[in-house]
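The following blocks contain the structures, represented as structure tokens.
Presented sequentially are two complexes of chain A, the first with chain B as partner and the second with chain C.
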Partner chain A sequence: MSKKARSYVEFLYILPFLILVALVSYYPLYGWIYAFHDYMPPRPISKDTFVGLKWFAFIVENPVRLADVGRVLTNTFAMSGISLLFSWFPMIFAVFLNEIRCRPYRKFVQTVTTLPNFISWVLVYSIAFNVLSSTGAVNTILQNLGMIEKPVAFLSSKEHVWFRMWLWLTWKNAGWAAIMYLAAISAIDEQMIEAAKVDGATRMQIIMHITIPCLLPTYFVIVMLNLANFLSNGMEQYYVFMNNFNKKSIEVLDLYVYNIATSGRGNYPLSTAISMLKSLVSVVLLFITNTASRLVRGEGFI
Partner chain B sequence: MKRFLSLLLTAALLMSLLSVGAVAEEKPLLTIDVYNDAANYNGIQTGWFAKVIKDRFNIELNIIASQVVGNTIYATRSEAGNLGDIILVDKAKFPEIVEAGLARDISDKLPACENIMQFKNQIDVYNKGLTGQDGVYYGIPTEMTDTSPVTLTDDVIYSSPMLRWDLYKKIGAPKLENLDDLLDALVKIHEIHPTNDDGDPAYPFTLWPDWDGNDNMIGIANVVQLTTWYGEKIKGSAILKPDNTFSEIYNRENAYYTITKFLNKANQLGLVDPDSGTQTWDNVSAKLSSGRADLMWYSWEVGFWNSVDRLNQGNAFIFIPVGDQKYYADADRYFGSDRMFGVGAGVDDEKYERIMEFLDWYASPEGATFQHDGIEGLNYTVNEEGKFVPYKDNALMDNLPVPDEFGGGGYSDGNNAINQWIVSSICVNPVTGERYAQKFWQSYKDMTMTEMKKEWSEMFQAEDPVDYMKKQGMLLASPSVDFTPAADNNDIIAIRSDVNATLCEYTWNLIFAADDAEFESLWDEMITQMDGFGYKDLYAYDCSVWQPEVDAKVAAAAAME
Partner chain C sequence: MRENSRAHIAHHRGRSPMDRQSVGDRVISVITYIVYAFFAFVCAYPFYYIIINSISANNLSERGKVLFIPKEIHFKNYERMASIPGLMDAAKISVLRTLIGAALTVFIAAFLGYMFTRDTLWKRKLWFRFVSVTMYFNAGVIPWVLSMRNLGLANNFWGYIFPMVVQPFYIILCKTYCESVPRELQDAGEIDGAGTLRIFFSIMLPVIKPILATIAIFAAVNQWNSFQDNLLLMTNRPDLNTLQYVLYQYITQANSLKALVSNTTNASAVMAGLATAATATSIRMSVTVVVVLPVMLIYPFFQRFFTRGIMIGAVKG
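So, the complex of A and B:
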């Protein structure tokens, strides 16, 4: 077979994946067309409904609305930033979990921390409501102990919303995220640890100088993956925990887009326009990361 | 293994043959998609109501509930060109559905539907307004009454302050002149009734946020409803004052301010359930039925507590007048409620025929009895005079099991999932000569003519709440007119959504404001924010949209005098 013919055949190997990418990643971009039309169901879009950049101007022209979008972006960056900042937490958790000598207890801790990952956010909220409402377990215990007189309104508190959301996320995800690190720990060469022990290293020294350095490559891969999802921090969690008291600090981009498209009759063009903002910010982020990578490692990844 | 498989296959084949044979005698089983803005249940109708329909028409209903699966279903289905076989939508959407060619012209079959055509007058008025032509029919209004546009048949109105009679008497049955008196009374009630019988805390006010901004009214549902105590009714983003003029919702002279302030004072006195802002309606309904609320304000809310037993024991909820109030109430919805029935444009002739047959039955005395009264022998019995007598009236509340002969399952689970009627429950059932709704039956009145009601009548010198309001000149009954508000365009939708979100967010924070100074400064901040989002434009738009309705109501009232 000539070289040229072979390259055609090899192209056919990847063709299914190209089609898949085109269908799943590029075809939906067609939906952006709605941002340029005055679309109102049940009337389909047509030439008459084309309005150009009207909806983009709609966001920018009004200072109050622009400030609102700014607030939403701040929330998104802040909450994603906090998770990124604390992304080492599951790793450390895995390291310490691995140090538990009593096997049944270790298994128990691992199961208990992994389970919340399989509960949906809606159920997490109903658990939260039952535990933290004015007649919930926490308030009842505190009141019975005489530590507080009036029930504390945990769920409608405006304070530390971002941090509390991170706590919930960690409660739900930490055990699950640790699984990857536990696998990486078990792949560490026993001989290194044996040798360190012979040389008289303490457990802390083994963790500091062997376990964690061995986990770092895994850690960086996961951080990279998280970075890619920086703006897509999901909306379920914020949707269920949102109320009129914490709304200002909890509304993230995905939730904002959802609220615009579904409240009342729903304005689809505007919500499409705002969701396009997300792609724009993502591209900017990508370039920043790439530049940073070039500066630090000497090479970019695109 | 192979043998087992082949056996299984044969059995399956036989089964399918058998089932085909059984149905082939009658009309084939037909599944009707019902696009439904009223339903709280999505999927195939099950239980006793499914059996009622299947036995009569061999039809099953597939409910597509926008309230369950989200409003976007309206966009996706209309984009696909087929909303459903039966369409039940908010009235404001109906003209655009007809315009987009999604609803079928039903002029040929509708006039022959005798049961539906008992409301010919209302149907004619609506369709004439829709198409401008006589004799062309697209829509069937819902919950029409057989009374008149200015009659008020009910003995209670939609929203009024209601207290528990035993608690009200225990604090000395004080005469209430204004909202401050009501607060004083509630403070005393809270003192003597801090918990329910199980020891769970009870509060005069337990509020919920899930319904905020609903029903063409911006603002939080609990406050919006209470503005009617001062004769003010919210229309979109405007407040309609008793003198039929509009005013901005955030104006400090209006009832939205009065009521928010009232709730804030209540909260400062510790009368508001601290979970109000975070709980859902489901939590609230559980609290209502376990006696953890001391004040009710929707007429239907009492259904979660009042029962024949409690009326006898004297601890049921009942209207207690507040002297300075003037209650806004809608007269009988002669022209129907805010939704419309239509038939989808995509149905073929055979399906169309069966749909119209079904809809006509739906409006028949038999159909209406199933919808409003339930099943004979389960929800009511018939006495020698042929009148209905209540029986197990907790079937819906407690989801009582239904015997297999009626279709099995729970009563509430199997209840009519369409959740909207053509015939209102205040219409007279020609079979019994009494109205469909149980509370109008003579038998029910006899059962509930309790000591409590007698005491109430004696104290207030009136037969029932509406009678009292009429005698005291406290009732503002608004006539029923045929009116469809214009649909918002995208600009208005965006502004309305932002303004509503701002108003709701601030109102909740206002209710929980620590003191009057914080309250006032938050209120000013709210006005600035709402204006920033374009409230002024929205207000002007809403005034122009709702003015024709006001004019029609004034004309209807004048015509009756």
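So, the complex of A and C:
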């Protein structure tokens, strides 16, 4: 077989998979066309349903809708903002975990705190529901300790929703996120630490002047990725935790586009229009953060 | 785990008499131990709580009387599982999608990862970009759902599989791994007259097994945990519901749970407060345990893949 023929044959081997990628990843982009039509399923779109930018204008022209979008953006910015603000937590978690000298204990803590990362949000919610219900462990223990009189309805309260969502996110992810930092810590040059010890540095000084500075490049990438995904919180966590009481403050963009398409009569075009705007902003954010990373570290993450 | 071994050595050195701990250091040590005990408790206790409650007397767990020690242990709740309508079907769907989905994901990652290292592949770089760039964009939920409907993947079991099996992260991981395998291995195959596919199946596939094990575990956990595709795509086919979705329904829809309780147990048994009579709480807890157990059982085995696993998230395209 000639070299040329072989290169085409090899292409034929991967062609089925390329078609699969085209269908499941690229073809949905074509779905943006629904944003320019008055689409009401099951009636298919046609030339007659074309409405141009009607739905984009609708977002800003209708004051109720505009207020709604404002509220959802506030939630999105708040949740992402809190995550960003506390994004140092897994790093510090790793730094001090590494200070534990009893190896079995360290391993145990690491094992146990990583486990929640591998369960679904539905399971997290189920656990939250069982532990926080009116006869759940938390209410029972707090009542036994005399700290509260009546059971607290944790999940249906609309207070501190943003912060509590961050707490669950951290409960699920922090142990896992720490592993990357632990790997980075083990790559720190031993001699540097030995030298510091010889010079009489305390453990706190070693942490402040050696460990943390060595972790900052990794941390920087995490912050950049956080910024790139600022508008994308995903919908699953917020969907499972949502109820009639907290809906107003839990709806982030990703959940909102689902809700407006599935509640009431279901506005598919409006949802698509908002998704489209979100995607465009996200791509811009990705380029900005990638450029920032290239300027600071000399390499981007794309 | 490798990343710990070095730190481990450091700790041994730390214990040498050369550097005695100062008072400040010792205070930090104590605080650290206590704080991490708290973190460990917060992460582990909820799992423990649900497990002990699912095997304790149902009328006690219903009233929040089981906190640290299981009371009046019985396994009725688990025996009852089979009679809960729809639960076994959901379990079957979950297992099927996990096995098929993980197997296909691994195969595609291995094959494409390998193919993208072949210099002879026509327009290799272009196709690699074509696949890997899909990590960075997303059409949005509704355009995605409408497209899947058009493709016939809605209300169809394969809607769980096809959208998830081409994972650029895993492909890049395999590609990097293949590149680290000595070129001579493939060249030797070529000299023996093996074709592209032959080299893949009999030479590369056995060599890259370690990375495939990592990918298999992560892909399987992903499939098992997946909820959103069920919610978005399988709107008219309750028989295709997964365990995750059924569990979600049990938590949120009190009515369906009430019907379940009266279905699976004698209502008067509940009224009499019998320890083994099914209650809303007992069903919720035991189903939760069933859904979480597979992950917990394989967890010790895939811990050693963690460091490589985190690379999946940090890898460059």
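Keep this in mind: the second predicted complex is superposed on the first by the 249 of 302 C-alpha atoms of A that agree within 3 Å, B and C clash if a C-alpha of one lies under 4 Å from a C-alpha of the other, contacts with A are read in each partner's own complex, and residues count from 1 in each chain.
In this text, contacts are C-beta pairs under 8 Å (C-beta built on N, C-alpha and C of every residue); 3 or more make two chains touch, one makes a residue touch a chain.
None of these values were measured; they are calculated from a predicted model.
*Asks:* If you stack the two complexes on chain A, which partner ends up touching A:Asn226: first (chain B), second (chain C), both, or neither?
*Replies:* In the superposition, A:Asn226 touches no partner, neither chain B nor chain C.
*Asks:* According to the stated criteria, A:Thr289 is in contact with first (chain B), second (chain C), both, or neither; which is it?
*Replies:* neither
*Asks:* Identify the partner contact of A:Asn173: answer first if only chain B is touched, second if only chain C is, both if each is, neither if none is.
*Replies:* neither
*Asks:* With both complexes overlaid on chain A, does A:Tyr268 touch chain B (first), chain C (second), both or neither?
*Replies:* Touch partners of A:Tyr268: chain B and chain C.
*Asks:* According to the stated criteria, A:Asp68 is in contact with first (chain B), second (chain C), both, or neither; which is it?
*Replies:* The first partner, chain B, only.
*Asks:* Using the touch definition from the top, say if A:Phe129 reaches chain B (first), chain C (second), both or neither.
*Replies:* both
*Asks:* Applying the document's definition of touch, where does A:Ser156 land relative to chain B and chain C: first, second, both, or neither?
*Replies:* first
*Asks:* Using the touch criterion from the header, give the chain among chain B and chain C with more contacted residues in chain A.
*Replies:* It is C that touches the greater number of chain A residues.
*Asks:* Using the superposition on chain A as set up above, list the residues of chain A that contact both chain B and chain C.
*Replies:* 129, 135, 261, 268
*Asks:* Which residues of chain C touch chain A once you look at their complex with the stated criterion?
*Replies:* Contacts found on chain C: 2-11, 13-15, 18-19, 21-22, 24-25, 28-29, 32-33, 35-37, 39-40, 42-47, 49-50, 53, 62-65, 67, 108, 111-112, 115, 118, 120-123, 127, 130-131, 134, 136-144, 146-148, 151, 162-163, 165-166, 196-197, 221, 224-228, 231-232, 244-245, 247-248, 251, 281, 284-285, 288, 291-292, 295-296, 299, 303, 306-307, 310, 313-314, 316-317.
*Asks:* Touching chain A in the complex: which residues of chain B?
*Replies:* Listed in rising order, the residues are 70-72, 74-75, 78-79, 83, 93, 96-97, 99-100, 102, 200-201, 209, 213, 273-275, 277-279, 283, 487-491, 493-494, 496-498, 500-501, 504-505, 507-509, 512, 529, 532-534.
*Asks:* Which part of chain A faces chain B closely enough to touch in the complex?
*Replies:* 38-44, 58, 62-65, 68, 129, 133-135, 150-151, 153, 155-156, 243-245, 247-248, 259-270
*Asks:* Within their complex, state which residues of chain A touch chain C.
*Replies:* Listed in rising order, the residues are 3, 6-11, 13-14, 17-18, 20-21, 23-32, 34, 93, 96-101, 103, 105-109, 111-116, 118-123, 125-127, 129-131, 135-137, 139-141, 171, 175-176, 179-180, 182-183, 185-187, 190, 193-194, 197, 202-204, 221, 232, 235-236, 239-240, 254, 257-258, 261, 268, 271-272, 274-276, 278-279, 282-283, 286, 299, 301-302.
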